[in-house]
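In what follows, subunit A forms one complex with subunit B and a second complex with subunit C.
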Partner chain A sequence: MEVLSFLADGILVALEPINLLLILIGVTVGLFIGAMPGLGSVNGVAILLPITFLVPPGSAIIFLAAIYYGAMYGGAISSITMGIPGASTAVATTFDGRPLALQGRASLALVTAALASFVGGTVANILFTLFAPLLANMALSFGPPEIFALMLLAFATFVGLGGDDIPKTIFSICLGLVLATVGFDTISGEPRLVLFDIQGFLRGIGFIVLAIGVYGIGEMLWTIEQTRGEVTTTNPKMTAKGMLSDTKEAVRRGWKGTWIGSILGFFVGVLPAAGATPGSLMSYGVAKMVSKNRDEYGKGSPDGVAAPEAANNAASTGSMLPMLTLGIPGSPTTAILLGGMVIWGLTPGPRLFVDESEFVWGLIGSFYISNIAALFINLAFIPLFVWMLRMPFTILAPLIFVLSIVGGFAASRSLHDLWLIVIFGLAAFFLRKFDYPLAPAVLAIVLGPIAEPTMRQSLLLSSGDPMIFFTRPIAGPITVIAIILILLPAIKLLRPKRSKGAA
Partner chain B sequence: MRQGEISLAGLLALFSMYLMWKSTELPIGYIRGQGPGGGFWPFWLSVGMLLSCVAIAWNWWRGKSPASVSDEPLMDDFGWRSVILVGGGIVGFVALIAIVSMYGAVGLFLVYYLRFLGRHSWMLTLTMAVTLPFALFFFFEGAMQISMPQGLPFTQPFFDLMYDIIY
Partner chain C sequence: MKLTKRFFLGMAAGTALATLPISALAQEWQPKRPIDFTIMAGPGGGADQIARFVQSVVEANDMMSRPLVPTNRGGGSGAESLLHLKDARDADHTLMVTLNSFYTTPIRQEGLGVDIEAFTPITMMGVDPFVLWVHKDSGITTFEEFIAKVKEMDGEYVMGGTGTGQEDSIVIAYMSGAFGLDIKYIPYDGGGAVAKDLAGQQIMATVNNPAEAKGFYEAGDFVPLLVFSDERMETFPDVPTMKEKGHDFSYYNQRAIVGAPGMSDEAAAYYRDVFGKVYESEDWQSYLTSESLSPLPMDEAQTRAYWATQVANHRKLLSEIDG
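Our next item is the complex of A and B:
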């Protein structure tokens, strides 16, 4: 009950006029920054950090957290309307969001994303409020073997559950993981895989370069070639009645994915170094696994939009937990928030809840208010986003190409990376023609920088014995499940043969 | 399509072998006291890529993938023309950035796409080709404080004027 009293005080702090105004501005700014390909919450929070010194620390972090929330909602917008994931956390949203938009159901996808994000955020807030110290201890028990096992599970969901050609899926995952190793070896510090000895590769290959190449250029070329340039992206009418019926449909067809995403996303988000991207991917995989209509996934399932969107919002709240309670940032954005807190004279860690009680509970209260504000602001802007889609494709396509190139440069600040975007785009087009799934490569380049160091640290811990992934109490079951999922296609292949043999 | 699939698999197998060779620049085995070498992870993943290519070729030989049993051409004339005109336009767009600045390249690309590929009116084309670069300038340079490439020195007077407006 003490927690509820603290929370009520916190909500009152968040509802103070200055804080409420900052929440509304922060969520709106975050929504548009998140909707821009190449820019995510990390850009918004980093750029606006200096402005926050004009207000008290409590209000400053509330503003930054509101931008974070808004950007998490906004990431889905470019994934659905343009098919370009603005941030890695929204990659899984493109799988079903984009097909829905191409079927003329963009508003259903956007409403589903907004509602799922709201539920994900709310569930995560409640779990955060009730179990913060307990979960912080649980997160500490995740060492390198556990995190690597979790990464393995994320990839396994793709291999085991994907309906795609398995060798091509494995090729795609391995390619993404290899591309993630380009640049420098993080452990020895030596240059590694500097392809064709081009110095630009020393900077590595960022996720956004591959994602914009694959989705912003490759997918667009494929769409133009397949539809012969006559693309119908959305239905021409957007009425209040239509939105209401979309809301009902989103609730009816997206509730399962929303719940899976909310719970799983939060727990994965809590783990240091894991964060919202693996959370959203795993939620998509699990929602597909438990669904009765698996064939709908990838073709425009509302559950397929709801699961990753609920998860990335839940995970963004979850990732605040190790930051506040342990001083460990779970994502680049929380790392900047942590830096801000240190500048304001606050020390994140176990004593923060005791020493700065009003600050912490004001922030937690603001999560609740930001989440409600983000839902309504997002819903209010949906007609604008859908209206954008009503443009003729010969206007929309060059706009998407322009935003891809400009956004790509904004993210990497390198012309070398722009050429890589073009090369990846053209390569993705031809690979797509031959049914190579490219989403696994994009996710692999995101998860690779987490997977490789944890694998190497684990093997160092065990003096090279891979059994470390099987013998530890948390890593073991996760690894076994991952291996079963990887072997699932082979088991499926063997089963009909056996039954034929028996007959 | 059938010939294309095996050719692509062959090309990707060659690329995998190149990555395997490149990975061996760093140790690919276990180093006592240091753990796996820097080349370990990319080397074995490249081996995975190569084995996947072998499996793709095996499926092609057995006719298990849709492309391996298709006699259709990779693309018809319209498809090739679209890819060359649109893809070529994007290559030209990126090439122009170092010459006429990001904003100049955006304007020229929009003129090319809207007028010559989209067959839109000059009115609409010029309106978009002028307003979008300005909007992007104010958003990136003004609001987000991200500097875009400014091209060759002849664009400098324009940037000086614009910076006077935003600062």
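Our next item is the complex of A and C:
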């Protein structure tokens, strides 16, 4: 196998002292950037890009990729310990990670996240190594109709996410979709829904702004009200023995989610329009859909932590694929990495694998090493993060509030976003009081900006004929499956209720 | 806090001493705080690349005593950036990296009340020409074959671009008008997405800056048919220009650094000096060559005159598209 000898060379490049050192620093820095609410790999990579001119390009990209990896691991940490997604890619991790932490099982959730991330990253690396050219062709065969069909499928897997109240779930999705349309419309080239002529809305409403508002501010208000300020999280104990048994439990109760997340996350990540955030949300939806104990989801299922975490790591490797094979960014972070490559004097594109083979394989080799480094560094820090949870709520709550505000501001440096965070937080609190599920709204604001333009592009292509979603060989089957999934709950509603849990 | 401040002052003094023989004393004005380096587009595009490249050259050669802080403000096709500069509280520390939405956005969105002629010209870093590309599997190798094909498809020929009113749509609209073409135009949200869908043959042709299509061109996937520059480009010596085809039209994307309105003359002089050095640097010159940008050095008065003609031209071109 020619590929394996290239890979071996690549791993050797990654193990050179300078590269290894950069990997360790990068992963650790990334872990903390990812753990900071609001700040994700995009910010980390953008901030540190100029520093990389001090080292050769091969080492520079290895460093940035290590930050990317570390941030994917780190995102789970604040999702679990504080209930605020550390990065957009870790939103789905809050759904089950936070309940586990509230039950005093934060270390189980963190260990599950770390292991799932590791497996996700490794599976993706192997798929990448073996099938890169094939997968690049697959990515190219996804035009606007195919991407739209995929987004439809993502929505379909999530209709069940809000619990049993389907009208409220649909309301929540619509709310998210409307928020997603604010700002500049690419297709018509005109601004739209610039509310009250406030110029901040020209940029649109960022996903992270909504997520911090809903999960940071809204969730905290909710907790304060529910407990009248007397939150007593069960004091988490941290012993080596405890961590070992957590590891065993994580493997036992999280393997299914891990596999689903690894595979699905990777393939969604490979598609340039999608990326890690939709990948992790879809994986959560699918893991829930195929699970036997669906009721456990949302209340602290290790599978529910494993699926999105495996997926976001797998997707981050996946999104490197179009970057390296086609010169097209698969995610906002890889867009910046691509810019970096141009600055370092490399030409991204189909020739990169051939012309700069040492650079490419060194980078791929570094994925393997970064992944191992991230696992151990993350496991080593878990006791620290769990210890944070032992702080009294009266200290933790203001701390979360401050972190939400600082993180929300740091990401965009815009005061406008801060006001939005506060408004969304309050709105989320009241919606929650009336039992509206909010996860579907968050999903919609992620997928809406991908679904809407691809739908309109497709209809432009077909001169307005919606059959384009059914007649194309790849889009057709995906659309049909998505429609069946959407109709399923409606059929269930119409049929008389059968005894629950019989399946 | 005091300790850190003193520490940094010490550091700064040390650096100043070390570089004394080269730069210092020649300049009266120096930035007092980090410089807001606004980018008129999102991360990953051409303007973003250039901003970060410039930043890296400045950092690597220690050209400024305060850092440039790049921030992407691409909202509303650059409207967000334009308003940010227009309302800048500290004009002396606010700069912007532009593309042609600098001209088009204030025309298309008159409600913004932005008059670009109030902005402060700093440095023209170069201009980016446009090229018409098709996929090699289409079998089309010349512009004439392209015209014949589009006419034969009668309204079903699909081109992709970065959106109505964006640079490439202006070029396509001109071309369509000049040759009587009926083209189906699909807008995308970035040059990368357009290139990907041409590579996957979801669309049939596109007009792009060379940098965005270079990888696929070198791999032999994309075929250039026509360039929209004044002269033939060094990179594609065999590709004819629009002018050779009998139409007096050329179109470039402006890659410039612009200061906020109301910037003091001293500050503007300082930035012109710094970015002038960046422009002269070997790094930038090789970037110009590798990314097929054309140099277009101008002083302040020339830049203002250039802006005025660009605004007039764009007003005319856009009215033809929208009209």
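Here is the rule we go by: the second predicted complex is superposed on the first by the 485 of 503 C-alpha atoms of A that agree within 3 Å, B and C clash if a C-alpha of one lies under 4 Å from a C-alpha of the other, contacts with A are read in each partner's own complex, and residues count from 1 in each chain.
Note that in this section a residue touches a chain if its C-beta (ideal position, glycine included) is under 8 Å from a C-beta of that chain, and two chains touch if they have at least 3 such contacts.
Keep in mind that what you see is a predicted model, and the values were worked out from it rather than measured.
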**Touched partner set for A:S141, first subunit B, second subunit C, both or neither** = second
**Request:** Pick one for A:S188: touches subunit B only (first), subunit C only (second), both, or neither.
**Result:** both
**Message:** Quick check on the superposed pair: does A:I343 touch subunit B, subunit C, both, or neither? Answer first, second, both or neither.
**Reply:** second
**Partner chain(s) touched by A:G206 [first = subunit B, second = subunit C, both, neither]** = neither
**Message:** Going by the contact rule set out at the top, does A:R351 touch subunit B (first), subunit C (second), both, or neither?
**Reply:** second
**Message:** Applying the document's definition of touch, where does A:W419 land relative to subunit B and subunit C: first, second, both, or neither?
**Reply:** first
**Asked** Can A:V406 be said to touch subunit B (first), subunit C (second), both, or neither?
**Response** first
**Request:** Have a look at where A:Q457 lands relative to subunit B and subunit C in the superposition and call it first, second, both or neither.
**Result:** both
**Asked** Looking at the overlay, what does A:G30 touch: subunit B (first), subunit C (second), both, or neither?
**Response** neither
**Message:** Going by the contact definition given at the top, which residues of subunit A touch subunit B in one complex and subunit C in the other?
**Reply:** 187-188, 190, 413, 457, 460
**Item:** Residues of subunit A touching subunit B in the complex
**Value:** 39, 43, 47, 165-168, 170-171, 174-175, 177-178, 181, 185, 187-188, 190, 192-193, 195, 217, 220-221, 224-225, 228-229, 392, 394-395, 397-399, 401-402, 405-406, 409-410, 413, 415, 418-419, 421-422, 425-426, 429-431, 433-435, 452, 455-457, 459-460, 464
**Asked** Along subunit C, where are the residues that touch subunit A in the complex?
**Response** 42-44, 48-49, 52-53, 55-56, 59-60, 70-71, 73-77, 79-80, 83, 108-109, 111, 158, 162-166, 169, 184-189, 192-193, 195-197, 199-200, 202, 211, 214-216, 218-219, 221, 286-287, 290-291
**Fill in**
Touching subunit C in the complex, subunit A uses residues 42, 46, 49-50, 53, 139-144, 183-184, 186-191, 194, 197, 199, 202-204, 272-273, 322, 326-329, 332, 335-336, 338-340, 342-343, 345, 347-352, 413, 453, 457, 460-461, 463
**Prompt:** Within the complex, which stretch of subunit B touches subunit A?
**Reply:** 1, 4-5, 8, 12, 19, 22-23, 25-26, 30, 34-42, 45-46, 48-49, 52-53, 55-56, 59, 65-67, 74-75, 78-79, 82-83, 86-87, 89-91, 93-94, 97-98, 102, 106, 109-110, 113-114, 117-120, 124, 128, 132, 136, 140, 144-146, 148-149
